[in-house]
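Look at the two complexes coming up: chain A is in both, with chain B in one and chain C in the other.
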Partner chain A sequence: MRLEPVNNPSFGRKLVPPALALSATIVIASLLAMIAGANPFSVLGLIIKGAFGSKFALLETLNRATPLIFTGLAVAVAFRAKFWNIGAEAQLYAGALITVLLGTGALAWPSGLILPVIALIAVFAGAILLLVPALLKTRFGVDEVVTTLLFNFIFLLFISMLLEGPLKDPMGMGWPKSARLIPEARLPRIVDGLRLHWGFALAIISALCVWLIQTRSTLGYEMRAVGLNKQAAGFAGIPVNLVLVKTALLSGGLAALGGFSEVAGLKGSLTLDLSPGFGYTGIIVAMLALLNPLGVVIAALFVAGIFVGADSMSRAADVPTYLADIMQAISLLLMVLAIMLTRFRVVRD
Partner chain B sequence: MDTSVVEALTLDAITKRFGTLTANDAVSLSLNEGEVVALLGENGAGKTTLMNILFGQYTADSGTVRVFGKTLPPGNSRAALDAGVGMVHQHFTLADNLTVLENITLGVGSLLSTSAGRSAARDRIKALSQKYHLSVSPDARVGALTVGERQRVEILKALYRDVRILILDEPTAVLTPQETDDLFATLRLAIADGLSVIFISHKLHEVMAISDRVVVLRHGKITGGVRTADTDKHALATLMMGTEATPPKVPQSTPGPALLKLDRVATPDVGNAPGLKSVSLSLHAGQIIGLAGVSGNGQAAIADVVGGLVKPAEGRIERGGSDIDRWTPREAVKSGIARIPEDRQKTGTIADFDLTENAILERYRSAGFSKAGWLNWRSSRAFAEAIINKYDVRCPGPDTPIRLLSGGNMQKLILGRVLEAAPQVILANQPVRGLDVGAVNYVHGQLLEARARGAAILLISEDLDEVMAMSDVIHVIADGQLSPGFGRGSMTPTELGLWMAGQGFENENAHAP
Partner chain C sequence: MDIIEILFTASFWAAAIRIASPLIFATLGELICERAGVLNLGIEGIMVSGAFAGWMAVYSGTGLWIGVGVAMAVGMLFGLLHSTLTVPFGLSQHVVGLGVTLLATSSTYYAYRLALPEVTSPPKIVAFQPYEIPLLSDIPLLGPALFSQTPLTYLAFVLVAVVGLVLYRTPLGLAVRAAGENPAAVASQGLSVTAIRMGAVIIGSGLMAVGGAFLTMSAFDSFFFEMVNGRGWICIALVVFGSWRPGKAMLGAVLFAAFDALQIRVQQTSLGAQVPYQIFLMMPYILSILALVVTSRRAEVPAALMVPFNKGER
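Right after this comes the complex of A and B.
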């Protein structure tokens, strides 16, 4: 057996494999639920209800999708130029760190001023954090997969140190947790009374901007050219290393914006469980989206829906939460496979 | 006719359509055992499609393939291999990081090879290479081999699998004349042993030299079939083109002022490739300077310097009378240097970019195509369309990925891309390698037109005939050194060959300051 690329996939080819992947996930999850002693036929309904079935559920899903859109965009931008940024997790925390550093009283400005300033500095911090691996790569050929991945551990330990030390909230009853943001530094809700903050809108706007940059700007053209064929890009006069550095700055900035959005929009303070691996899940989101920035939004909603829905299902059906984890993993694996099958056909020899 | 003739391969009324394009239109072809049939045709005539159908890469819309009387199931690439059909592609299909032995046994032996199995394979390879004069060490890493050696590995690979029918897709495109002769000698030995060969080529003199029969494919149809003994190069060219193809005439020209000068330029060696050693060269308006030499003697280094990719370690570059300080590809393009790269697929184009995106590759930052960092796709697309029309690039449209184009059409796009900027200096590095007669004449015609317009042209080629036909002045490059310039017609090929072999340079050095 081998895979053969499909040049112009038909509508059916684009639709059928993902639909099959979803169905298979549901079947497997139902079987597992049955083994765990629940009614297998209720699983699908409970997931959908848990992810989209109520206003609360829907908003929960959108909230969950927000950081995934940012990290998904960060990864999609970088991977498009074949710059393998595995460090969106650290860059997200860098944005979060700046948010609590400046937002807990250091700057006492009105919302309209403090929020953009914090957001900009957060973006800057994330960009700088990725600049180091980018320069190591372009100057010395150090593999960015290794550096960005290791940066995650270093940076998380650094945050942990700060939260146990200088950043620790004196009112936090001994928990490793920062002080809370001042009200001016909180991202307001989009609609009063609904638990959805402007971070989600910012994520959508970011996706649109990245899409515009990739399809319309010279920078986006350069990034795609470098990603597809470095040698030809260099021959034509595209400054390959400079483009890689710019890509890294953009990618790091996007992930950091996700950290800002999580802290200022949702959590209000910084803890070590701010991100349950948003940086890594961002890689899956970007791959599901085939690195398309608008696809990232859809993929993030899908992944968030599965997360929220499966969690809710496990509570409602009274099955262990492991089942939700298994389901998330299976659905992502099958979906990655399905997306591949939309672009390749399996030929039997 | 001999009645004992065995039909090795039969293609029966093969038709294949891609959308509105009919790539193969009821193509029938037969090949007898021990026979060499040359398949001749322009780029895009349908040769590659036909071979892909034979190998099950594509499924024909109608028609059948028979090997020794047995019909092959369509769309099954294993079937052709199992039936004893082998193919050597124009672009080699070898794994660089594996040894010759590993490449040859890849896919035939079991995955877990024993050392006894390996030494048996090694003996077999050695025996085959001796028998067919294919000298190559079984334990050499393929990445370290020259192009000629790699091709020997490809042929060994086919012979190792006991192929009875061998398809060679433009096998000589990357070979020196000497290597081509060796290849033909090997083929003749194998043919004497009963191998049947389909030889796909553009090079008419090679077709004349090796084939028994010639089949001509044009626009997807068989337009002619002749016995090689009954035809000549001229007649074949006419059959292939549909019209008589005449190489462009090279009119007299008087050189103008020097537009680009290299003054005692030196560059460091890169791996096995020699750098330049105190090379001085001036390119004058209205003149074609030909650079002859055996592959890998510094041609790449001189092209990199002129094209802006490498700054000389020593010496000066002078453009339009003033010294060059900053020297990058972008500077080179800006200063009016057109660059036709040696490898159109790896360096000239980005395969997954469409024609529009490839057309603006060197100039997307200039005023017409972008403004303040935002691309103007409308004007870019119009530019691509203009090139497609003016330079006769055959393609479905400017939104087609360039990887779907044939080599000749790819080259026409590159040509249009650089010539539309009305360049003063043109660097043409192997501009016609692997192209068919029609495309070759077209490219040469365009270069001559540019010369008439007053451009200075540096033509780098490993094809001595091409250099001699096109150039007003010929320099020979050998081991990074440049010979003095020889005027048109002042040297015989033999004399140039001596320079190419490195003779004559010692004297030059003695007189150098």
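Right after this comes the complex of A and C.
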């Protein structure tokens, strides 16, 4: 077999494969739930109900989507330039670390001043953290996949060391947990009484900014050119390495903003389980969004919906919660395949 | 105890060889994939699945070697999935690899929870026991270090030679290497690049799973979450460090394992006790990155690594 590009894909060709991928994911999840002893026909309903069925569920999904929008954007920006940042997890923690370093009393300023300052420094920290793998790539040709992956382990151990040492909350009853943020350093709720903080709005704004950068700025053009063909971009006079470094700074900063938003908006302190793999899930989000920054918002809502919905379903139907992760993995693999099939035709030799 | 003294104890080198064994299996597996032109980032999850499958098989009553076979078969299944998506369909090897890691890890944990719903601590199996090779194990220092290991460790080192021989001395090996260097040339010889690459990924994934099974069936006798703990990613670094050659990759794995064994021992000295334990745990990862920086300049990367091959294209 071989693949032939389809020049003007019809509406059906654009729609059918992704729809099939989605249905297959649901069928497989239902079968897996059946193995665990649940009624397979109730699975889909329970997931949707758990993710969007009530005001509480919906807010939970929006809250869960917020960090995923940030890490999804971080990955989308980097992958667009074919810079394989798998380290959004560490960069998110870098942003979270800055937030507790500065927000637990080190800066005693009013909200209007302290929040932007912390956010900016958090972005800076995330950018610096990704600068190291970026420079290792441009200077020494070291593959960034491995370095960013290994950085996740190193940085999480570093956070663990701080949480058991200098950052440990003396009132924390021995748990490795930082002190709580001062009230001025907390992101307020968008609407009083509703458990949704300004981090969500910040995520949407970030998505718009990234979209503007990618479609309306020289840097966006250069990033796409480098991603499409590095050599051709170089011949056209684009400083490839500089563009890669700028991409890395933007990507790391976005992921760190996610860490800031989680700590200042939701958690109020830093623990080692701040992120259940938001950095890695960001890759799924970015791929489902076809690396489009506005698509990231929708994909993040979808993935967060699976997560919250499958979590609630697994509790209702007494199925192990890992089903949510399996669904994410299957939807990722089938969706990249489906997206390819919208643009290529499989031809038998 | 002095660091120099540690280096001259048999138990230290025995530990280094033991720690190196799963890395050798998985590194060989990754090396075979990459030599054929496919980066397999499924390695981390495939190791998790192998660790569970082998252990679970033995726990359900099969023999140890059957367990190794089961682990290998599960790894090959994930290899089949990975290679189907990346080779004939030419999907991004980064994305598919990470997807396979997530799928293998989460389905393993799901299976674990289904098989053992109520346990708080996982049950133990009777793991592979050390086998002292007659005569050789009587050599002072070297004997207890090298020749009093479990059969799986011996298998790991034998496999280094086998993979080396097959890659460099057989037509099959030539075809695999050519598929990673110049797939068009392979196709012009009438061979199927798709078949060679898929075969390499399937076999390689099987070896990764055996590497995972080593952890539950030889190094320890039980399965824990987070057991693999980034070893797969380290193996990817070891392949680069070994310049895509089995012998060099093995040396890298032993060197790395020796360092790991050393840090465990230094951690227990009075000096080491003053340093936060996380610093020691970071060392393997930092060391891997440094190894990449040192070797990447002269790395002989397979020319067609991560380049999909589509027959129609010229």
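By our rule, the second predicted complex is superposed on the first by the 342 of 349 C-alpha atoms of A that agree within 3 Å, B and C clash if a C-alpha of one lies under 4 Å from a C-alpha of the other, contacts with A are read in each partner's own complex, and residues count from 1 in each chain.
To be clear about the criterion, a residue touches a chain if its C-beta (ideal position, glycine included) is under 8 Å from a C-beta of that chain, and two chains touch if they have at least 3 such contacts.
As the structure is a computational prediction, the values presented were derived from the model and not from experiment.
In this overlay on chain A, chain B clashes with chain C. After overlaying the two complexes on the shared chain, residue contacts for A:M1 are found with chain C alone; chain B is out of touch.
In the superposition on chain A, A:N63 contacts neither chain B nor chain C.
Contact with neither chain B nor chain C is seen for A:T247 once the two complexes are overlaid on the shared chain. Using the contact criterion defined above for the overlaid structures, shared-chain residue A:V347 touches chain B and also reaches chain C. Within the superposed three-chain arrangement, the count of touched residues of chain A is higher for C, of the candidates chain B and chain C. Look at A:I330: by the touch rule set out above, it reaches chain C but stays clear of chain B. In the superposition on chain A, contact is made by A:L219 with chain B only, not with chain C.
Contacts of A:L150 after superposition on the shared chain: chain C is touched, whereas chain B is not.
Legend: residue contacts after superposition of the two complexes on their common chain; A:S160 is shown touching chain C, with no touch to chain B.
Once the two complexes are overlaid on the shared chain, A:S178 sits clear of chain B and of chain C alike. Between chain B and chain C, the overlap after aligning on chain A sits in one stretch of 3-11, 57-65 or 93-101, namely 93-101.
With the contact threshold set out at the top, residues 347, 349 of chain A are in contact with chain B in one structure and with chain C in the other. Only residues 75-78, 307-309, 328-330, 332-333, 339, 341, 346-353, 357, 361-362, 364-365, 370, 373-375, 377, 404 of chain B touch chain A when the two sit together in their complex.
The touching residues of chain A, counted against chain C in their complex, run 1-4, 32, 35-36, 84, 86, 136, 140-143, 145-147, 149-151, 153-154, 157-158, 160-161, 164-165, 280, 283-284, 287, 320, 322-323, 325-326, 328-330, 332-333, 336-337, 340, 347, 349.
Per the touch definition, chain A reaches chain B in the complex via residues 7, 216-219, 221, 224-225, 228-229, 231-239, 347, 349.
Here chain C touches chain A in the complex through residues 39, 41, 81, 85, 88-92, 94-96, 98-100, 102-103, 105-107, 109-110, 113-114, 230, 233-234, 236-237, 240, 276, 278-279, 281-282, 285-286, 288-289, 292-293, 296-297, 299, 310-312, going by the rule given at the top.
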